[in-house]
Structures are given as structure tokens and as C-alpha cells.
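Attaching a single structure in C-alpha cells format; questions to follow.
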Amino acid sequence: MAMHLVFSVNGWKACEPCTSADDIIVLMGDGVYATPKQQVYAIADDLQVRGMFNNTNPSMISISYDDFVSLTESHHPSISWND
Amino acid sequence: MAMHLVFSVNGWKACEPCTSADDIIVLMGDGVYATPKQQVYAIADDLQVRGMFNNTNPSMISISYDDFVSLTESHHPSISWND
Amino acid sequence: MKYTLAIHGSPYASGAHLQAILLCEAILRAGHTITRVFFYHDAVNVALNTLVAPQDEANLNAKWQQLAHEHGLELAVCIANGLKRGVVSTGEAKRYKLDHPSLSEGFELVGLGQLIDAIATSDRYIEIPT
Amino acid sequence: MKYTLAIHGSPYASGAHLQAILLCEAILRAGHTITRVFFYHDAVNVALNTLVAPQDEANLNAKWQQLAHEHGLELAVCIANGLKRGVVSTGEAKRYKLDHPSLSEGFELVGLGQLIDAIATSDRYIEIPT
Amino acid sequence: MKNLLVQINKPPYKGSQVLEAIDAAMVGAVFDCQVTVLFRGQGVLALWPDQDATGIEQKTVSKVLSALPTYEVKRICACAEDLLAFNLPVRNLAVPIEVVGYAEIAELMQNQDAVIGI
Amino acid sequence: MKNLLVQINKPPYKGSQVLEAIDAAMVGAVFDCQVTVLFRGQGVLALWPDQDATGIEQKTVSKVLSALPTYEVKRICACAEDLLAFNLPVRNLAVPIEVVGYAEIAELMQNQDAVIGI
């Protein structure tokens, strides 16, 4: 159960085909501009800064850094995507 | 007659629709990995470094930095693309 | 759990440093330990001792120093990546006959092996890319 | 003709500097003049006086200095971009109470107005981006 | 009076790159250039409303943009295709802009004395 | 023995980023990790044959790659889809590689102790 950290829109395009069904995906920084159809997490602070907090789609779950750390406890390894 | 300097593959994608018929296009650095269909110039040194010298298509004209300077004399302004 | 963090992004051409700082704070809040924070690629520039942060922007260097001071964090700057980008310790400044060191207090220059070693002895590796 | 050049790319995360150096040489060979070379964004880091280039790689700082010395080029580093990235002159080091300056010989810190001024008095502006 | 185009093609919070590009536009206007700012590619993301960067101790890019007219930067454009590609709410952007198509951008560029990017 | 994946997704001469990532792979192997290198995205461009960076006074990336097996980095993979997208000559690459599809990459990633990128 890997954890994919997506840092950019192009990072998401590269990440999407390389995920397994039991992996989780977290959008961070400019990654929150991505528009995945599947369920993903997104860092609340990063949505807030960019004006995207009220523009997320229903499949996006906004999380804190504390939530993020909890996810790292149960998912491994983490893979960063920034294409 | 503008001069478009393309520094990346994505730069070319962004540049292409924003060119006028009398503009010229020069691929530099990682821009030489782009594959335009129209006639473009490409810096010979940059092709050489990347192993692309014998892999250019017929629409690509390999030029030196001296040739590049000649082109700047007759074309203006220069616009850099690095998306 | 033990975490190793790596930061790759430039302090001013990426958001990597503030993201990493917020993440470090959350890891420590959760009761985990951080084996080492490793700066690689253009991220090493945050360790320069001459950075003057604008008054209305975060002082990333000071934030790292404070975090390290409060929690005993090891801020490890890749020596090979650092030297070529102008980040030199007192020892390296002497070796290369430079007028002065440029490495901030709280940071240290280490070999790339220290990243691998930290990964090998940690449960988690998280990387904030360029 | 008169040219102004701007370099935006980081010395080690882009190919901007060597491209710009080769372009400067060609401009001068053609008998043109270069009003000013302006360093902006992460490109300012090339002006640090503590860079230690690896033996098998180009020393970009030295190459700029040599070009400036041979042709009387003005190497202008944006002061706002430079300060936050740790590039400080003797004067700025004093002002901000830093131990030492970090700006290499041959480079100078200038305001952004000097870029606009150079553009206004040149026939051509060429930018090597990030 | 020189015509100066500043094109912004990076997302607003990728470090300070966009703020530094806006600085160039403002200083250009102070130095009597006729300045146009063009948002294109991921640069259009700077036009998203309701930004707030106080949490990351940085200037809020959209607030800085709203000061551009005060600096005599009168023309702010954005690429129609890119606004659409990134789902920007064109009726509710952070600052008023002029929507331009590819052909207008091509013409705009040809009419400049210099084009500054990132 | 830890499983370490180094994924390279930037073009080979965008500064020294790719060389620095290869350093991490080599040092990982020296420190007894089981290292895999994966080229994907624009990273596959490092596999183009006939590179020669002596003109820009940098190490030639493909030559450095050919030293990887000496450093006990035994597995070098490249994404099939990206090799195709960038028109790489798959029968004549700079170094021998194992072509992997998306599903194999997803599985490869799950089996690592750590994944280092750029």
C-alpha cells in the first residue's frame, strides 16, 4: 500500500497510471490543482493558499499535516511526483 | 517577425499556437527534444550533447550560436518558452 | 516510528521548504522521531549564512534553525551538492582557500552516504521534490 | 546593435548559464555590444564567492568573470532577488550585520530598474529562462 | 516609450517566481514602459479567487495583482484556452482581465520591444 | 538489505539534477541497498545514444549510466510508454535496460523500502 505524493498537475498525469488499487494519493502544494476522478487526499493549507478550498470535487478529501502523518504510518513507501 | 526561443518540449507545445506565419522558431537546450512539423532552427551544440544530431527531422535546420546571432539581427522581439 | 526527510527544491523556486517544515512539525507532534533531514539538489541553498529574508516573507533558514534547535534535529546538507553551489563549512573554506565559510549554524555538510544510512535506519522516507 | 541579456535559470538546475555564456561570446564576435547581463530569479546564485566547481565540470562563476574581464561586460545581479538568496555585497553585508559579503568580484548588485533601463537603451533583449 | 510584455506561465506559489515577475512588470511601468501582463499556461492559476497566503507567510499573489493598475499597468490579459483548460471561473476571477485567444497573443508578442518571462 | 528505487524523470542535461540522482543510486548500492533505477517521463531521454557533453564541460550522462553495473546497480528499467512517447530508438539505447509497463512500475514501487526521485 504505497502513498503517492503529487506536487504538480503534470505529476498527477505521470502518477495516475502507476498506482495500484490499494495505494493512496495525496495532493500537496501545486498538486492540488490536479483534478483526479478517483478518491484522493489534499492538504487543506495548500488548498486554502491557492483559493481552491471551495473548489474541490467531491472525491477530494481535505486533510491536515497531522492527518498526513497518520496516513504515512499505515502506507509505505511514499513516492513523490513532480513532472 | 518575432523570434521564438524554445527551451523545453512543453515550451514548444505552448509556443506553437502563439506563432505568426512570419515568425521564426529556434530550439535551444532541452527544446531540441521537441518534434515540430514546421521548419525550425536548432542549436547544433545542444543537438550534439544530447545525441540528437543524427536524429533530427528534415524540417530542422541545425545552426551555430553565430548563426543564431544573425537571426536576432533580423527578427525581433525574442520570446522565451520553457513551460 | 523513525522518519528520514529529504528536501530537493530550491528555497525560492519551489514551496518545498515550508512544506517540509510543516511536515516535520506534524511528525514530531505525533510522537515520532526524525533521524535526519537531508538537503539535496538546489535545496542546499537554504543553508547559506548570508540569506536576508524580505520582511514580509518567511525566513526559511531561521525556521529550519529554530526547528533543529528545539527538537535536536540534524540538518544534513549534501557536501557534493553544497560545495558546487557555494555552501562551505569552516573546514571546507580552509581546504579550498576561501575567505570565509558560508554554512549557517545548525546545518552540517555530510556525504551522500548519510542519506542512505538514515533511510536504512528509518521506518519511513519522505521526499519533497524540486 | 546593442543587446541586453537576462539569465533566470539556477546554475545547477538548468543549462541557462552555459547557454548564455556561449551566446554572449557569439554576440561579441559579431561586433555587437552587450549593454548589461542581468541575473534574476535563481540565476543570482552564480554570483556567490564561495562556489567550488567540481574538477570535471565547468566553473560557471569563473567563466562569467573571465568574460566580463575580457570584454568589460557588466554583470548585474538583481539586489532584491540576490539578498533573499544570500548574495550580498560588502555594503549590504554591513547594513544587515552579516559577517562577510558573498558577492563575487566582477558582479554587482543593482535594482530591477537597471534591467528596464538596459532594455530601453538596447536594440535587442534576449532571455534565458529558468 | 517601450512596449514591454511580461508573460507569466508558472503557478503562483511555486516559490516567489511569479511575484518576482510581477515586480518586473511594476518596475517597467514606473520606468515609463507601456506594460502588458499576460497570464498563460499554469500562470492563469494566479487568477483563482479567494487566495490567502498568510498561512505560508508569503504575499497573496492575487492581492499583489490587484495593485497593478495603481502602478499604471493597465492591460492584463489571460489566454482563453488556458483559462478553460484549468477550469478557472471566468466570471469570478481574482482581478479583471482581458481574455485573449492564440491569434491575439501572437499579434501581441510581435508588437513588443521586449518580452520578459520567468 | 533495503530495496531502493531511484526514479529519474528529468531530461539529462537540465543542470546536474540527473547526475546527482545517479550519484544517489551508486551510493545506495555501495551501502548495500538493492538498487533499481527507473527512467520515466522526460527521464528516458538520458537513454538516447551518441551523447557527448564534453562541449558543455559536463559529464556525459549516458557514459555515467554505463558505469552503473560496476557499482552493483543491476536493474535499470525504463517506462515503455515514455520510451515510445519520446521516440527513443529502443533497439539502440545508450545502455541496456529492462522495458517495463505501468502495471510493473506500480508493483515495483510497492516493493520498495524507499523511492528517491529528483
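Worth pointing out:
Letters A, B, C, D, E and F mark the chains in the order given here, with residues in each chain numbered from 1 onward.
As a convention for this text, a contact is a pair of C-beta atoms (placed from the backbone, for glycine too) under 8 Å apart; a residue touches a chain by one contact, two chains touch by 3 or more.
The structure displayed is predicted, hence computed values, not measured ones.
Shared contact partners of subunit A and subunit C, listed by label: E, F. As for how the two copies subunit C and subunit D face one another, over half of their interface residue numbers coincide.
For subunit D, the chain whose average C-alpha position is most distant is A.
The two chains most heavily joined by C-beta contacts are C-D. For subunit E, the chain with the farthest CA centroid is F. Put simply, the C-alpha centre of subunit C and that of subunit F have 25 angstrom between them.
Centres computed as Cα averages put subunit A at a distance of 38 Å from subunit D. Each of residues 13-14, 16-17, 42, 56, 113-115, 117-118 in subunit E touches at least two other chains.
Of all residues in subunit D, those touching 2 or more other chains are 10-13, 15, 41, 57, 80-81, 84, 125, 127, 129-130, listed in ascending order. Annotation for subunit A: residues 29-30, 45, 77-78, 80-82 touch two or more other chains. Chain contacts here follow an irregular pattern that is not a line, a ring, a star or a complete set. According to the touch criterion at the top of this document, the contacting chain pairs are A-C, A-E, A-F, B-D, B-E, B-F, C-D, C-E, C-F, D-E, D-F.
Those residues of subunit D lying in contact with subunit C across their complex are 10-13, 41-42, 45, 48-54, 57, 80-81, 83-88, 92-93, 96, 98-102, 130.
Touching subunit B in their complex are the following residues of subunit F: 11-14, 42, 45, 48-53, 55-56, 62, 86-87, 89, 94. Across the complex, subunit D is touched by residues 13-17, 56-59 of subunit F. Listing the residues of subunit C that touch subunit E in their complex gives 9-15, 18, 56-58.
The residues of subunit D lying in touch with subunit B in their complex are 1, 3, 15-16, 19, 22-23, 25-27, 29-30, 32, 123-130.
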